[in-house]
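The first chain written gets the first letter, and so on, giving A, B and C; residue counts start at 1 in each chain.
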Amino acid sequence: MKRWSKVIGISLAVALFVSALSGCVKQASEDEGTIAKIKKQGKVIAGVKYDLNLFGLKDPATGQVQGLDIDIAKQVAKKVLGDENAIEFMEVTSKTRIPMLKNGDIDMIVATMTISEERKKEIDFSDVYFTAGQSLLVPADSPLNSIKDLTKDSKVLTAKGSTSAKNVREAAPDAQILEFENYAEAFTALKAGQGSALTTDNALLYGMAQQDNNFRVLDETFTEEPYGIGIRKGDKEFAELLNDTLKELKDSGEYAQIYEKWIGKKPI
Amino acid sequence: MFIHFSVLTEHLDRYLIGLGGTVAASVISLIASFILGAIIAVFRITPVKPLQWIGTAYVEFFRNIPLMLIAFFVLVGLPLLTGAVLVPFVSGLTALTVYTSAFIAEAIRAGIQAVPKGQMEAARSSGLTYIQAMRHVIIPQAVKLVIPPLGNQFLNLVKNSSIFTILSASDLMYQADLINSDTFDTFSTYIFAALFYLILTIPLSFGIRHLEQRSQNVKGVEA
Amino acid sequence: MIHFHQINKHYGNFHVLKDINLSIKQGEVVVVIGPSGSGKSTMVRCINRLELVTDGELIVDGVRVNDKSTDINRLRRNIGMVFQHFNLYPHKTVLQNITLAPTQVAAMSKQEAEQAAMLYLEKVGIADKADAFPSQLSGGQQQRVAIARGLAMKPKIMLFDEPTSALDPETIGEVLDVMRTLAREGMTMVVVTHEMGFAKEVADRVVFMDQGRIIEEAEPAQFFTNPREERAQMFLSRILNH
């Protein structure tokens, strides 16, 4: 009798646990396209980074998020709703951005996300809006000058859920990889001496080196990282609109202005 | 159905590596935090005032800040202050041990002080020294009072070891994060992670209950 | 054997014992009575330093109790104590309760200690309960075990702190019987109690305390029939006529 009630109790607990979790999964309505959803909301909800200098960084003084990603996202709002301020930013990390997009919490990801075959299985991408290359951030006095200098004693820090870990594993198979929650933490760990280098796209590394000149970015890049805007799979209408927007920006020279404003040089 | 079993079958090796990390972290931390906690508990109940202060400060400090902060301090603060860089796994062990030992010290102290004062008086008045009274009279009774809260602390410890992931130390949670970034199947990935945690914690939970019942059934427990 | 000389004790601002002067000779049975809160338990607990005195001189068995150089554990071997709530060790059997101090403190062998313990258990009349746990005994039985435990170190002095106050009325008698026997055998005893019958019959001297002071000290025959002090008269009339 007692044993039975125990078994029933545990089964109930497990059932409750599973159903509670599945209840959390909001399904984005399949039949409604993103553009229709945006119009209904009256605003675009963009998933962006809050902790990345030059691309998406929240200014604690003003509460405003600023960066190249932000400026691109605003142009999308202007295209769809005619107002570049009809936009809401939500913070995403490399780990949360795809689930949030799939859940319908955000309408698009403009968060330094590299277009990859693996990700294409889950979501769709716009055309490339920025091309970065992966490199290493090292202490200014570091002997490292190339990815080839990494040995089995080198610890390379990066963030979870990024392609950076995979790329560096291929380029320097011997090095130990430590993956942190985000780049801010990885950078903090690097400052604390927990690793010999931090790896990600050079565009982000320049932002870090700008903050703390005890660190420098290697000139060499060992990948090409095309950034695209991530959207829900199969939404062709929205993809076309994004591609049109990007093309118009490039043609009008506005893109070059945005690029130069943040990166400090003209696009190639 | 939201759960894809392929996530489990394709990444079983990583889950098992993670599970190994969590088990190792839990066992090592459990032993270390028990020893450290017992020492701090002694500090707390000793009549020597400065030791009491140290014990109280330790418990109140580490019990009242988030484990995650302690973890960051070990990862980042310790190297900046002392130049000692610990590998991530050791950083995690240190944080977890320091944090858990504060709770264990409290459980042990409360257990010892819950033994009626008359027991110590009876023992001392018969000529036993403080140490002898502790050893033969107080501690055997305190053990029975301490088992339940200690069991809870050990369960918490297993679950709290998930902070290893933010230190990039390989535990179940860290491996689950990495599996997630490969599969993007967040729901399935973490459901299976939860399952592995349950495999560890449910037997532990029943074991603790068994131990509790056994200690309650010993004759003459009631004071 | 026990000498209080101008003993004072404070708990913070509370003056518990005031100018206590009392001498107890070897073999004497002194019963301490008085209203609750009068300091009688505190006074008795000073004798084996369960309580520290604030000032004054207390000499027990030729030893200054509160001297820093005094080996208190050594002194305590000579003083058995019985508490209101027995304070038996619940995790030990009756026999283990009695043999703990002899084996740990007096370095007696286990066998020797157990033989001695059985003698004391016979003396208090519960040899058949040697292997029981305290929780399996009645209050009166527990208190008799506690007395046997106190005797096991062959003390020169036995202190009783309200030994029958926590007992059911029907078991009080068996405990008092044991104490009576002890007194007859010449044990030096200090007994805090409300059992006036016991005091009348057994005590060599009655000490009456109130508000931290010894108010009256007399032989029981005189004290109970003709107390000098008004407060003692009031106390007796209240206790005897309730």
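In this section, contacts are C-beta pairs under 8 Å (C-beta built on N, C-alpha and C of every residue); 3 or more make two chains touch, one makes a residue touch a chain.
On a predicted model such as this, the values are computed, not experimentally measured, just so you know.
> In terms of C-beta pairs in contact, which two chains are most connected?
Max contact pairs: B-C.
> Pick the chain whose C-alpha centre of mass, unweighted, sits closest to the average of all protein C-alpha coordinates shown.
Smallest centre-to-centre distance to the global C-alpha mean: chain B.
> Compute the distance, rounded to whole Å, between the mean C-alpha positions of chain B and chain C.
Result: the chain centres lie 46 Å from each other.
> Nearest whole angstrom, what separates the Cα centre of chain A from the Cα centre of chain C?
Those two chain centres are 79 Å apart.
> At what distance in angstrom does the C-alpha mean of chain B lie from that of chain A?
The computed centroid separation for chain A versus chain B comes out at 36 Å.
> Any idea which chain B residues touch chain A in the complex?
These residues of chain B touch chain A: 2, 75-77, 79-80, 83, 85, 88, 165-168, 174, 177-178, 180-182, 184, 186-187, 191, 194, 202.
> Tell me, which parts of chain A touch chain B in their complex?
Per the stated touch rule, the residues are 10, 17-18, 21-22, 25, 94-95, 98-99, 118-119, 121-122, 157, 160-162, 178-181, 185, 188-189, 191-194.
> If you look only at chain C, which of its residues touch chain B in the complex?
Going by the criterion above, the answer is residues 48, 50, 73-74, 76-77, 79-81, 83, 85, 87-93, 100-101, 104-106, 133-136, 146, 149-150, 152-153.
> Which stretch or stretches of chain B touch chain C in the complex?
116, 118-119, 121-129, 132, 136-137, 140-141, 144, 218-223
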